[in-house]
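Structures for review follow.
One chain, subunit A, appears in both complexes that follow, with subunit B as partner in the first and subunit C in the second.
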Partner chain A sequence: MSWTDVRAAIDAAIEGFERLAGVSEEHSRDADSLGARIATVFDGSGNELPATARDHTASAAVRVGDSAAGYREAARLCRDYLAAVDPDGAAGSVEGLGAPTPIGPLKGGYGPTGSPVARQAVTDVSRDRCHVYPEQGPKGLHDLTMRDDGIVALRSGWMDAGGHARRRHGGGVTEEQLGERAEEGKDPANGSGVDWETGREHSRVRHATAFVSDTDLVFAEAAVWNSREGRAAIAEAEALGEDRVDVKLKAAGVFGPDFRRHVHGRTRVGSSANPQGSVPTMFGDDTRIVVVYRRYDADSPWRAYTCYPKA
Partner chain B sequence: MRDETEGLIASLGGLSEALRARAATAEDPAALLSTASTGTSRDELPAALALAARAAEESGHAAADLDEAASALRAYLEHVY
Partner chain C sequence: MAELSERMLNLIERYNIDGDVGDDDLAKTAKLPAYEWLAEEFEQALLAGAFTTETWGVCYNGGLDPEDTDLVDRDLRLFWSAIFPGHPYPLPPPQETE
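After this line comes the complex of A and B, so read on.
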């Protein structure tokens, strides 16, 4: 089931709820009119049985009216949902999107000759097109893979401009690069001990990790942003006027129980001062996907500064 | 009066049946939505499903009310005629 099928099912449900609401309103009027007929026919009879019948009919009219209101509200909630996750009805696609525009200063670009040039953050033009992938749960990754019409490249470009997620943790980062990072402190972004982002010495990490593909990375970031935890963290940071927020989600929640197929890494053996090689990273059940969002100030948009699997 | 009462009983029965049939139909859009909402991290679709379930339940209660109304009129007929 892809988003196209999901959207069609929700549209059909809305139509069904509206139809049921209409029929319920009609039935409520019918019950009212039967109650009125009972009142007219037995007017002045003095017998309590017709009065009982009238009360039950009135109760039925109210209940059916409530039922109609419930169906209308259900339809409205479905429409609200679609407005939130698929506002222009083109979810998942890059079709018709405008070009991103640069924001903020040039950053990064340090390292030996040939290192990737400095980056400049850009506006995120495709965010609203990708909620629907994580909205399908882990199955959404398959939908993203099957229907990718350029959205992975667009979102990868947005991440490259706003941080180093793909350069250090993307699908192009090899086992060898991860091993060199864990053992020798080499930044996968430029292959040297100079931190591509800061120009300082690149810090050594015990676990150097990455996603298996850029599609995995794009899906993971979208899942974190779209999650309850992600939305709450961003809202809280905005309320507090903060310009950085770290959000962590369980990898099993993002990719499903087979999340290890989507991540890999090298773990250093020995201390950073005396490395003894590296071994494949063991990703435990508690593995998290971490995204660090940053913005330049309260008026500038959030960007994904980094995104990685944390063993 | 007797004919009119019998007519009312028939109408109440008809409406009750229609409500029960509708409550059964109500599961169709809810089933569609249930399938579509798997994996969602938002509140709207589960809330819509809960409302639809309550609406179908209310229809069932309304049908029972109409049955009670018809019974009362039947009892009236037995009592008077």
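After this line comes the complex of A and C, so read on.
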């Protein structure tokens, strides 16, 4: 079921609850009127049966009134949910979104001539539109893929401005680039031994990993951000005044049991000083999706600095 | 050899991603009241030799090789400078391995 279907179902439920509440209120008024007439007729009667009928009528009228309040409350809860997850009723769409605002200084951009230029973080204008329905796991990813009218490109752009997630771990990073990173310490972001982010020597890593597509990357980041662990880590950092957070979720929890279809990598054979080639990375069941969020200060928004599968 | 605490392991993993040391962020974090423990615990662990290629490997995807002492030394110096700005690094460079 796609988010569009879910949203339509919830909208229909709200309409139904409102209608039932209206009917219940009308019945409540009828019951009140009927109860009043019965009370007038039978008040003062010494007969026990009419008095019991009067009491039952009054009791039923209260229950009808209560059901109206219950339906109204159900409608309100549904509206609150939609306001939280799809505030402008355009989840998954880039339609009508404003341009992001640059924040902070220029960063990165190191390497040989032709390297991607330095980046500057931007405000996040599309998070609320990226309701990827992460609790649905693989279905949520399918939903995002089917609804994508530019939202993945927009989310990728936000990540490009805030860090190196896509340049080093995105769908465009090839097996060859991953192999060069594992064997020679070449940064996929610029193809050289100079770290594109820091200008220092790019480190050799045993597992150089990436997502199969940018949609996988965007989905993974959104799943981590929306997760209970992600929310708790951000809240704790904000309480402590810390400007960096790392959150790790099991890849199987993000993508489902076939998470290996969404990640790939090259693993160095031999030591870093004496590499002997590389082989496809074996992603164990405990593979994690790691996201590092950073902010400039307490008044700045969080940005995804990196997001990658850790084998 | 001294063991690293869980909070120290969490911290080094957060501020060192595959050798990309977040020394700017770490310098600010080290001044936070919640991290009063950091300077003393880091110095003790450093002097006790607790930061090895094995323990430091948590920061790298797939860990480190025993001969990667140059990477650990480089990262530790960045950590030290962030936590103790202006103070000379207390350890000599690692010995060359043949």
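The rule is short, and it goes like this: the second predicted complex is superposed on the first by the 245 of 311 C-alpha atoms of A that agree within 3 Å, B and C clash if a C-alpha of one lies under 4 Å from a C-alpha of the other, contacts with A are read in each partner's own complex, and residues count from 1 in each chain.
Here is the rule we use: contacts are C-beta pairs under 8 Å (C-beta built on N, C-alpha and C of every residue); 3 or more make two chains touch, one makes a residue touch a chain.
Quick caveat, the model's predicted, so the values are computed rather than measured.
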Winner by number of subunit A residues touched, once subunit B and subunit C are compared: B
Which of subunit B and subunit C A:P301 touches, first, second, both or neither: neither
First (subunit B), second (subunit C), both or neither touched by A:P275: neither
First (subunit B), second (subunit C), both or neither touched by A:H207: second
Touching partner for A:G193 - first (subunit B), second (subunit C), both, neither: neither
First (subunit B), second (subunit C), both or neither touched by A:G109: neither
First (subunit B), second (subunit C), both or neither touched by A:L240: second
Partner chain(s) touched by A:V292 [first = subunit B, second = subunit C, both, neither]: second
Which superposed partner A:G171 touches (first subunit B, second subunit C, both, neither): neither
Complex contacts: residues of subunit A adjacent to subunit C: 195, 197-198, 201-209, 240-246, 267-268, 271-273, 290, 292, 294, 306, 308, 310-311
Subunit B-facing residues of subunit A, complex: 1, 6, 9-10, 12-17, 20, 23-24, 27, 30-31, 34, 37-38, 41-42, 47, 49-50, 52-54, 56-57, 59-61, 63-64, 66-68, 70-71, 73-75, 77-78, 80-81, 84-85, 134-140, 226-228
Residue ranges of subunit C in contact with subunit A within the complex: 13-15, 17-22, 25, 28-29, 32, 34-35, 60-65, 67-68, 71, 74
Parts of subunit B lying in touch with subunit A, wherever the complex brings them together: 1, 4-5, 8, 11-12, 15, 18-19, 22, 25-26, 28-30, 32-33, 35-36, 38-42, 44-45, 47-49, 51-52, 54-56, 58-59, 61-63, 65-66, 68-70, 72-73, 75-76, 79-80
